[in-house]
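Both complexes shown next keep chain A, but they swap its partner, so chain B is in the first and chain C is in the second.
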Partner chain A sequence: MSVSKYDELEKFAAELRKSIIIMNCHAGSGHPGGSLSCVEIISWLYCNEMNYSTENMNDPERDRFILSKGHSCLSLYAALAEKGFFSKEAFKTLRHAGGILQGHPDRLKTPGVEFNSGSLGQGFSFALGCALGAKRAGRKNRTYALLGDGELNEGQIWEGCMFGAHQRLDNMVGIVDYNKFQSDDLNTNITAIEPMNDKFKAFGWHVIEIDGHNFREIENAFTRARAMSGKPTMIIAHTIKGKGISYMENVPKWHGSLCPTGKERECAMRECGCEELI
Partner chain B sequence: MENMRDAFGKILTELAAERDDFVVLDADVAGGTGTYHFREAYPDRFIQCGIAEQNMFSMAAGLAESGIIPIVTCYAVFASMRAIEQARNSIAYPEFNVKIAASHLGLDVGPDGATHQALEDIAIYRSIPKMSVVSPADPIELKAVMPYLLDNTGPLYLRTGRSPLPNVFDENTIFEHGKAQVLRDGTDATIMAVGVMVHRALIAADALAKEGISCRVLNMSWLKPMDESAVIKAAKETGAIVTCEDHNKYGGLGGAVMEIVCECCPAPVERVAVNDIFGASGEPEDLAKEYGLMPDDIVKAVRKAVSRKL
Partner chain C sequence: MRKACLQEVHRLAGVDERVVFIGSDLGFGTLDEMRKDYPERFFMEGISEANILGMAAGMALDGWMPYVNTIAPFITRRAYEQVIVDLCMHNVPVRLIGNGGGVVYAPLGPTHQAIEDLAVMRAAPNMTVVAVADADEMRRLMPLTLNESGPIYIRLAKGYDPIVTDDSQPFIIGRGLPFQKGKDLLLVTTGIGLRLARESMSALEENGLSVGLLHMPTIKPFDSEMLLEMSSQVKAVISVEEHSVIGGLGSAVAEVLAEACLDKPLRFKRLGLPDCFADSYGSQLSLMAGYGLSADGIVKAAETLLEI
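== the complex of A and B ==
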């Protein structure tokens, strides 16, 4: 892939970070940390990986993206707005009564959203159902589910892993946004999440580990996932929680739900290249 | 007299020959729910999900999204408690066309005991927005309602059952789905029953007729949406109501009827139900005696309701 394409992806990702901060400030709450950590993965999916646009959003053959870590919806909304599913004007009403952007995704209220995630573990199973449904119907489309690392605490995830491997869902890709933090603390201070790679392998998945902020590694991982036959793929993407806003990086409290004020807001706006709240 | 679970499995099999728009999901209880009949005939349309109900429910929503109707089957305790949050957040809230079919309802489960006897499922499911709740009284009603349920889009909780039930209806019955069905008409009181209690309600009504108490008997298989006009009519015209269910006395049929009666047309209501205690092992008939769910118990409740008339 040409250098300019990566430059475009970097620009797209920068726009998403800006939108995330703007939405977060308008809402007065929300989950900035985990939204910022998955920006590159979501940028890749919407710009390069998926056959999904406003033109084919109701076509059964479309690729599907399920944000199983639903609290990171700022990132999803930013990408959907960038791709024209709705106007950025909607950012102003995020988390407010009557708005189309809910605190967690709602497919009936927000154009482009596939599933009402937010209750952890469920989006992953839903995605497995989409993948199985596509296989049964003989469709070639693919399904992508983005999981949080804390979300892996849910037993339902491991039920889904057994099911996905048993059904040989090679049209399904899970991505773990492994930013190392969950709501309260470091994952490793909450429960025994490691060895993550070995766990997914033992459950019968094709596992790839990458730097989740590096577009070359992201591209390579999704290419390898596409080539895999007979097994679903889990991409473990090592990321930085709060990526791009210096004082949010690796600080658990920015998991949310909160928003920067005063000097912190000025700093966040400056760092994401946003001059004023639109 | 046929097992509700066997009837369910056979009905699915017959329906599958007529329409290809549904698949059946199982959580390793095909023998218990009766879906093994379907599995034998249509292995390609039977999806084994393992003992993992939470994944099965959310996964079913994904299948529905891809354009097929999933009929999710398991025992009612798991459908209404273990996987209830998946039923709410993955199925009802996003409005996916998933049909949840649960067997093993109430004390009718029998020897397996309290862990497997759902006494709360009506209360739980009817409190979820967009969810319909249907509980046919016998294999004939079950067979009649199944195509209707598949033809109508939306999340649904269907209560099948387990034990052999005497037929309440004859083969030629024409059902008006969604309505409370008048099985006997009467003037002194109305007995409203659901599931295994319907045939017991009819026995009670016959006994009461001999005492000179004329009872209307309603089959309340549509628990949600409930036929409110039939409830109001019963309260107005007969002035006393007895509800009968193999379910806890809170939040089930009795609770639903009381909500309507209190709001629209106050009248005495007595509940024949499990008295807020857990079940136990035993033959269904023995348990029904122990827990007060027999025709005699209904007779006593009707006498009491009539004596309380306003």
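== the complex of A and C ==
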């Protein structure tokens, strides 16, 4: 891929970060940390990886993206707006009663959303069902599910892993946004997940480990996933929670429904390149 | 009834390409014929109810119509959040077939008894809840499930239950079936409650009572209109169900009667399982009889209610 393409992706990702902070400030809340950590992955999926049309989200041939870590929906909303599913005006009414963008994805309210995630573990199984349905119908479309690292605490994830490998769902890609933090603290202080790579391998998945902020590595991983036959792929993307906003990076409190105020808001606006203070 | 239900799934797979069967480690030989005829639409998955319901929802939104079958408490209790979010919130055509509704699995103990399945399924928005009385009624129900766009919970009884229904009235999902009109007492039933009510009729009539009989195979949506029409003709109503007295048929009847603000309140009794875990094992019928869920129990309840 040419350098300018990577530049385009970097620009797209920067726009997403800006949108995330703008939404966060309009709503006064909204899980910024985990939304910022998965920006590059979502950028890649919506710019380069997936086959979809804003005009026809009922097309059975479309690729599916399931945000299983539903609380990081600001990142998804930002990408959907950037791609024209709806106007950025909708950012102003995030979490408002009548708004089309809510605290967790709602497929009935938000164009482009496939699944009402929010309860962790469930989106992954849903995605596996989409992948199985496509296989049995002989369709070539692919399914992508983005998981949180804390989400791996859920037993249902491991039920799904057994199932996906057993059904040889090579049209399915899971991505772990491995930012090392869950709501309360570091994963390692809550319930240790390591060795994550070996766990997925032992469950029969094709595992690739990358820097989740590096587009070259992201491209390489998705290319290898596409080439894999007979196994589903799990991409473990090492990321930084709160990536892009200096004081949010690796600070657990920015996981939750928080919004920067005062000097912190000014700093966030400046760092994400937002000209007007909200 | 279970056999009739699963045979129907097999038959429906032949007439509708959307139909898939998903079992959860059900046991050797289950639906072998369907496995042979439609291998690409037959899935015998592991003991993983949460994943199965999510996967079924994914398939349903992909255009398939999954019929998911396992033991009733596992499909309702274990995976309740998946029922709510994956099936009901997305309002997808997934059919849950729960083996052993009520205390069918009496010898296996309370872990395997579904005494609150109707209550929890009834509380789930968009869910249709059905408990038919016998295999014939199951055969009348199943073809209709192809036409419903949302999720359905189908409660199975033990199997080889006596046939107590006939095809004199069409089966319509959401419609009550009035079997007999009465002037003194109305028995309202669901599932195998119909059998118990039928067995009690002669003894009740020997007591000089004119007894009405209304069968409610659909618990939700509930046929309130039919209930109010038939209860307006009697002095007392008894609901009969193999389910906790909390949240099932009896509660549905009570809610309708209470909110109707009748000029002359009816005498009313919920006959069902008490609010406790079964304190003994034994057979389904002996356990039920111990709690007054029998023809004799209905007669006694009627005598108390009507002060005979």
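We adopt the following convention: the second predicted complex is superposed on the first by the 275 of 278 C-alpha atoms of A that agree within 3 Å, B and C clash if a C-alpha of one lies under 4 Å from a C-alpha of the other, contacts with A are read in each partner's own complex, and residues count from 1 in each chain.
Convention: a contact is a pair of C-beta atoms (placed from the backbone, for glycine too) under 8 Å apart; a residue touches a chain by one contact, two chains touch by 3 or more.
All values derive from a computational prediction rather than experimental measurement.
With the two structures aligned on chain A, chain B clashes with chain C. In the superposition on chain A, contact of A:L128 is made with both chain B and chain C.
Look at A:N197: by the touch rule set out above, it reaches neither chain B nor chain C. Legend: residue contacts after superposition of the two complexes on their common chain; A:R136 is shown touching both chain B and chain C.
Of the two partner chains, chain B and chain C are each touched by A:S119. By the touch criterion stated above, A:T93 is placed in contact with neither chain B nor chain C. Residues common to the contacts of chain A with chain B and with chain C across the two structures: 60, 107, 114-116, 118-119, 121-134, 136-137, 155-156, 159-160, 162-163, 166. Partner chain A is touched in their complex by these residues of chain C: 20, 40-41, 45-46, 48, 50-64, 81-82, 85-86, 89-90. By the touch rule above, chain B contacts chain A in their complex via residues 23, 47, 49-50, 52, 54-55, 57-68, 70, 85-86, 89-90, 93-95.
By the touch criterion stated above, chain A contacts chain B in their complex at residues 60, 106-108, 114-116, 118-119, 121-134, 136-137, 139, 155-156, 159-160, 162-163, 166. The touching residues of chain A, counted against chain C in their complex, run 60, 107, 114-116, 118-119, 121-134, 136-137, 155-156, 159-160, 162-163, 166.
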